[in-house]
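Shared between the two complexes below is subunit A, which pairs with subunit B and subunit C, respectively.
For the complex of A and B:
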């Protein structure tokens, strides 16, 4: 086994897996946009939105636990919103004293902080559901359907293709470094600057190998008749039934948005 | 069970963390710069998407005009190399480690426009496949890391290198400064976006983000120097090749300098006058509930540390600028001395 364990795709044949990648991408983007548009503290709407993502999770047969755990990983960024707790004006719940400062925790601040954290958690869950059920070639088809420039989509595809090769090379370098260097408990040899320079040399050689590999890849592409366009099998249009699924999901999200503004 | 448990427990666990795990990105060695969804207000996120789309479209046009088609696999493979390069870490102290972001090294290796595309691929893939950064917030992340990071490092690298007269050590000093500046200026942009969104007050976000990244930037600078030193020794042809590029890319050079200066001046200002940003947010109705409270319980001067922090940011910015300019001046002076010595 190599670094292909980085691929987060979980194979399956559930309803959500079988949906066309374009439909899934559109629903995901619409969901993230509606979560973002929800006003602060519209808790009933948040619960309904959570219901939406959990229904998709059930339809994907991935298991709620895995989804919840993976989505929690994005939460540390909530640190950035932590000052909201004590800088939003409003009725004070409780004064926290840190050293000589007295930080007033307000209700409005708490509500705003929890809203930001909850909204972020919901969006990440939806993105996890898209990634875990769509393999990259399908995702590239969806990106192309969104009219992303061809060069960019091709680059993402090539990057994914060679990511594992180069990551394996980087892992080999790390292993070589570890096996050749001694280290005490909690101590490392040399100065920080020296270690940084060695790491920099390793990064430089990864870049160099990547650069030279890209030239070889190009020669190989030419040898196979590359003429500037990347050909693939014709992409079939989205089936009518799946169009209805997308329309239904977007309709539900619109209703939730209206409810959220009204509540 | 799932791939995911394998990923967390398997032999590549630390690799998985370095690439896909945002938890790692808040450690001092990582980057708290990939903004997830929910932290930017919708209008900020959409505005940043517009900027990102225009910039990337322009970069695509420039690249397809300037580079031969030999470079077609270059962006993808270079982006993969940046990903892999980000996994190479070194221990700093007490269990924290530093690793590369790569905007500066990509820019030095292939020039600014190709670097914008490569970093866009990296940031986009991180958001789409590893949930490192949000989908709606992707526009902002592309602007911060690909556009601002690359243009600032290009501006710093080219101008310092020209001052040093293409000497080896001048190139190394320039790459350190480029790595450091790209991280710090991008983090300031990120803090301002959070502040305008009303997620994090400017008087906290700017000093905190700027301060952390002034430290992280040192690691980035050192790794960039190491990488450039190796490239200089192994493929001097690649390092010399961008002398001609520097002339063609005057626009992005000036743009990068202007961006760096505007952000370096604007963010301490915003941080000492957060009301300006709050006013913008209020205009858009995002602070409505703040108005609902009939009186302000916390006057601004309730936080004794705040004004000091703002002053500290400005002071730190000035010190940083002085250091960079000091180095540049020293380099220029020694070059002049050498030049006159040669002419004698």
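For the complex of A and C:
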């Protein structure tokens, strides 16, 4: 009866699953950086970058379809690049009239927009591969190893831990509401405004309870000696063979980046 | 078994497994006459709560379930929920409105009752739990015992014929527990009470159902069942 949809794929035995979380994080960051630095319209280089992420997907045995589907989540964010279509100077394809304005759609603008959309899609796929195949505790170790501020790492960890508690709580509340949502003699269900208010009250309840729970959790942390710093056991260094994997991946990305400047 | 003996609740051959494959109920049969009070006992994970969630169609397994002569099916779920008052273990799940009045009024309003009748039902339900003065109190700030009683009022306002209660006495102090037992004793509804509180079962329920690993292990008079120490020990109740 618990929600565990966020951790479905992290327990696997593929090559990519077995890599140290620090190696995976570094490769992912290097990939996202390379994609961002790639010039506009370097399509052959984009294809090679897509090849890179698909190869990792194959090595992770997750299945391309799952990856592509999850990465579609990024599409709405690519819409932020829409203004590029009509604000980039260059030869005009057609003029779009919006009210009394005439917006010039240019070739250069179209290319920039498509480049941004494609690049963000590629980056998200790599991020999906990292998060789907790495259980969060390991990811936190990696973030700490890269010297992300401790407070931030702790916040992410606590959020993850209690997200499930809150989701379960919300589910139980919905179930209790459903139990009292019965049919009457006439038209049942109540008015839309009333239902909206009930839903608002429920959201408020979950918030209040989450807030109170955080106070209790904090007290329990204090009771065990929490003083604002999270101490963790030292982690093992990354095995030599895996360092080579990271170096190889970064090398490949560097070559792609150089190639991208020429294409 | 005679038809009237199963008039309140009739469950036949109920099987249920959660989506992750965990089997929670195996071939459960239960026949409850109107006005009967039954204690459902068993170790943690025995399937007690799962069984209760079938009564109003929140969970739907394989098998036949009828409440008050009405078969529990997806299409009839709305009518069934008016007949079965489900009181959850954690009253905070059940109380989601700003005031006690709003919480108790939720069921009647949802059923489409008129304003006057909603007020009458709320007043009546609060009178039954002796908390008339709490109507405008904030649910969030009540004590656990008060929350538990208000949770019962939220279903009483729907005038159900069957009450199913999940761990009603858990976490209550002796006075709160005593109040709750008196309150439940005074209600005329058929009751199914899932609990670990064997003393409460002894006081309230003439009949007990013992579940373990999703199966009905014993079903009989409470006095006889609770006197069988070997049985209780074998199923984690002693």
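Keep this in mind: the second predicted complex is superposed on the first by the 192 of 263 C-alpha atoms of A that agree within 3 Å, B and C clash if a C-alpha of one lies under 4 Å from a C-alpha of the other, contacts with A are read in each partner's own complex, and residues count from 1 in each chain.
Please note the rule applied: contacts are C-beta pairs under 8 Å (C-beta built on N, C-alpha and C of every residue); 3 or more make two chains touch, one makes a residue touch a chain.
Keep in mind that what you see is a predicted model, and the values were worked out from it rather than measured.
When the shared chain is aligned, no partner comes close enough to touch A:13: not subunit B, not subunit C.
Once the two complexes are laid over each other on the shared chain, residue contacts for A:181 go to subunit C alone; subunit B is not touched.
In the superposition on chain A, no contact is made by A:94 with either subunit B or subunit C. When the two structures are aligned on the shared chain, A:173 is found in touch with subunit B and with subunit C. Residue contacts after overlaying the shared chain place A:233 against neither subunit B nor subunit C.
Between subunit B and subunit C, it is B that contacts the larger number of residues in subunit A.
When the shared chain is aligned, no partner comes close enough to touch A:223: not subunit B, not subunit C. By the document's definition of touching, both partners, subunit B and subunit C, reach A:208.
When the two complexes are overlaid on their common chain A, residue A:198 makes contact with subunit B and with subunit C alike.
When the two complexes are superposed on chain A, the residues of subunit A that touch both subunit B and subunit C are 1, 169, 173, 186, 188, 198, 201-202, 204-205, 208-209. Those residues of subunit C lying in contact with subunit A across their complex are 18, 53, 56, 58, 78-84, 86, 88, 90, 92-98, 102, 106-107, 109-113, 140, 154-155, 158. By the touch rule above, subunit B contacts subunit A in their complex via residues 1-7, 10-12, 15-16, 19-23, 25-26, 32, 34-42, 45, 56-57, 60, 63-64, 69-85, 87-93, 95, 98-100, 105, 109, 117-118, 120-122, 124-125, 127-131, 134-136, 194, 199-201, 204-205, 209, 219, 222-231, 234-235, 238, 289-290, 293, 296-298, 302-305.
On subunit A, the positions that touch subunit C within their shared complex are 1, 169, 172-173, 175-190, 194, 198, 201-202, 204-205, 208-209. In the complex of the two chains, the subunit A residues touching subunit B come out as 1, 3, 5-10, 28-29, 32-33, 35-37, 40-41, 62-63, 66, 69-71, 73-74, 76-77, 79-81, 83-84, 87-92, 100-102, 104, 106, 108, 116-124, 127-128, 131, 136, 139, 149, 151-152, 154-163, 165-167, 169-171, 173-174, 186, 188, 192-193, 195-211, 213-215, 217-218, 221, 228.
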